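Quick heads-up: structures coming right below.
The following pair of complexes shares a single chain, subunit A, combined with subunit B in the former and subunit C in the latter.
Moving on, here comes the complex of A and B:
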């Protein structure tokens, strides 16, 4: 109960940030919230199952593109709904094809999915609509985007919390530990994985849709940038994909680092991030929070044993 | 038109098969799912490109430099980066996850280095771009050479794996890494060698690619993807399967590009992949992959 209260107070405090923050800090806030949502949604599925999804930006970009295409035609809430549906349909196609098989097929499928979606969208725009770039003119200021993302992040964390406490989350963890045991226990493996994967993908799609008005100009090479998928995985891994706040805690320092790197080393940031990524896989296989816990328990054990 | 499309498709398919053989060695023997594989290919293409344009060295001779370089680089990558992961992980699933993540990071490192040196533009050079008549249709001599090279390397690898003692060791590790030590096989060094050999094949594929295709620093992902699809279609660890699957993929891509739309080749590739996953996930010729 106290924790819930603290969370609500923190949420309310964060909602007042746009009132006094300047445009640059507000932009940083939007970036952190956006990546926080993506990393939390990624970890919701990929953390317990260890099915590493490399296609975050495919869903993110689909959301942004849906807004770019439909913004002039439909009212904004309806556009978001359509974006969520598009994400759901693609997630179901990917999931139905790969999630009944071993994890490796899923990873391979998602590895090329971004490139596939990018090429298909480009093909459609070039051959059918004959416009490659699109402009998004919506009466939505940065503070509105900030609030929407904050709401989405709160919803994502709430879902992740609920999942970790519910039967489906337990089923997912059993699947991650040992799929054979899970099926003997009567867990419907494919359905469980598909449900969680779809939820996670719809959230990613919405994160893209909400941030679309920020770009003003949208084209496939901008919204389907593979670096985004890469960043999301590294953020979730740094914080720890099996903790509720792990991915969010990973997103904050890495987003700031990425901002700094892309401003100061625009040509070398992917090398630096790649090396950092490898280092994290080596040194912190379960994330900073888990490493902190084990260090803490080692320290306290030493204190007990004089 | 159809015949020339089929010939072009076979050439492309031969390259895919060659490249996929290297990946199937790395995944089947060393148990490493190498997402940076395509970037090793592109690095070799750039190597051949630099040797040809800056030093005037014929790519065939350039292979004598590039292929050993690919071998050494992959050997080092395995020894420095992947072997500690392999030692740390008790079961295969854990190693698969860790190696996917580590090579995913490596992908961005290699691609980043290529971007810094060569930029994001497409590169190519003109080598043996003379037309040759075959069965009444014309094809560039460099494409023909690419196909011959793919056949030679594929055959050489197959003979090595089936006819030599060393090949038997590699196949034993692929078949059962837990039992291989019981007959006196050093699994660590066999896996390291297989990974390096896969890297050498990737480098050979990269030189072949550079002879007849335009390439760019960010294209590695596409090559990795296609090699993975070929490996899965052919069945993991199955060289002949990789050959057949590579040819099928090359043919389908070229036919789609010449008769439907060049923008849809990757979609066609994915459609085949989807069909294989739904109908025969163990591969066209393979046994079930775990």
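Moving on, here comes the complex of A and C:
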């Protein structure tokens, strides 16, 4: 209860940031919220099941493209709704096709899916609309994007909290531990995985849709950049994918670090990113929060010993 | 009426026929041993009944309804629970959550505060009272087996499949294990157990089915079956028959 209250207070405080922050800090805030949403949504499915999805940016990009295509035709709230539906439909199709795959096959498939979606969009734009990029002119300022992302983050955390306390959350953890045992206990595996995968993907799609007006100009190589998928995985793993605030706490320092790296070492950025990824997986397989917990219990255990 | 019935059940893996035309019935309330040398198809038979593997041919029915065409989660909902030959705990869950996983997804699910008393009682039944909060991966081998049994019982089964549940126990643990299974039998649960521990089979099973090379070679009262010449030959070779 105290935690919930603290979260609400923090949320209310964060809503006032645009009033004080200049354009650059506000931009950082948008980036952090965007990645915070993506990492939390990613961990909602991939944390308990240990299905490493690299399809994050496929849904993110679909959201952005939906806005780019429909912004002139439909009112903005309706555009967001359509984006969510597009995300849902693609998630269901992908989910039904892939969720029977396990381990490395799932990882490769989701990575391939991102490329496929990007190539399909590129093909359509080049051959049908005969333009590669699109302009997004919407009267939505950065502070509005910030607020929308903050609301989406709050909703995502609320859903993640509900999932962790509900039967479907337990089902997901059981599946992650041993799918055979899960089915013998009566867990409907495909339905469970598909439900959570879809929720997670719809949130990712919305994160892309909300941020679309920020770029003004979008093209497939920008919104379907596979690095985004990898970043989200690193962020969630750093913070700990099985904790409510873990992915968000991983997203904050890493986003700031990536910003700094890409500004100061634009040519070596990818190398550093790769090394960091390796280091996190080796050193902190359960995330910093879990590492902190085990360090804490080791220290306190020592203190008790005579 | 028979609770479980197998008719001509066959399972082939490529060229190997692991179970070949297996037919038998279990009457409700019976405790039956499924015996046979290693590789005779006992575990495969359990896997076919629980839906872990699909049958290649034949029909398995529970209370007259075919279950050999449906998946393991639906078979579980019909009232079949099992343990595995190699204990399969859910390692990232606590002992209590392992049991909760069965309570929460059975046909009449139990969840929330109501589940807590169920978990305590089920754990107490298998000798794990007060251990609900402990991480499952910290349990000893015998306690893991107990937990797996509590988890199977939490599904509220009519039919319990035990795959060498008594294997690897020391004499004291074995006695406790036999007493535990006896108490389940008294509750009216039908039990099919794959077992190599003959003392346990004699103590628990009124009837035994013996398999060799995928086929049934004997089926009858335990004492008779264990004295059967073909059974002894299958287990020990021709010289002993």
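Just so we're on the same page, the second predicted complex is superposed on the first by the 303 of 306 C-alpha atoms of A that agree within 3 Å, B and C clash if a C-alpha of one lies under 4 Å from a C-alpha of the other, contacts with A are read in each partner's own complex, and residues count from 1 in each chain.
Just so it is clear, contacts are C-beta pairs under 8 Å (C-beta built on N, C-alpha and C of every residue); 3 or more make two chains touch, one makes a residue touch a chain.
As the structure is a computational prediction, the values presented were derived from the model and not from experiment.
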{"item": "Clash-or-fit label for the pair subunit B, subunit C on subunit A", "value": "fit"}
{"item": "First, second, both or neither for A:230, with subunit B first and subunit C second", "value": "first"}
{"item": "First (subunit B), second (subunit C), both or neither touched by A:185", "value": "second"}
{"item": "Touching partner for A:120 - first (subunit B), second (subunit C), both, neither", "value": "first"}
{"item": "Residue contacts on subunit A - larger count, subunit B or subunit C", "value": "B"}
{"item": "Partner chain(s) touched by A:98 [first = subunit B, second = subunit C, both, neither]", "value": "first"}
{"item": "Minimum Cα separation, subunit C to subunit B, after superposition on A (Å)", "value": "9"}
{"item": "Where subunit A meets both subunit C and subunit B, residue numbers", "value": "none"}
{"item": "Interface residues, subunit B side, partner subunit A - complex", "value": "33, 35, 81, 84-85, 93, 96-98, 100-102, 104-109, 111-113, 115-116, 221-222, 224-225, 228-229, 232, 261, 263-264, 266-267, 270, 273-274, 277-278, 281, 289-290"}
{"item": "Interfacial residue positions of subunit C with respect to subunit A in the complex", "value": "50-52, 71-73, 76-77, 81-82, 84, 88, 90-93, 97, 100-102, 104-107, 109, 111, 151, 155"}
{"item": "In the complex with subunit C, residue positions of subunit A that touch it", "value": "167, 170-171, 173-174, 176-178, 180-189"}
{"item": "Complex contacts: residues of subunit A adjacent to subunit B", "value": "50, 52, 54, 97-98, 101-105, 107-109, 111-112, 115-116, 119-120, 122-123, 126-127, 226-227, 230, 233-234, 237, 267-271, 273-278, 281-282, 285"}
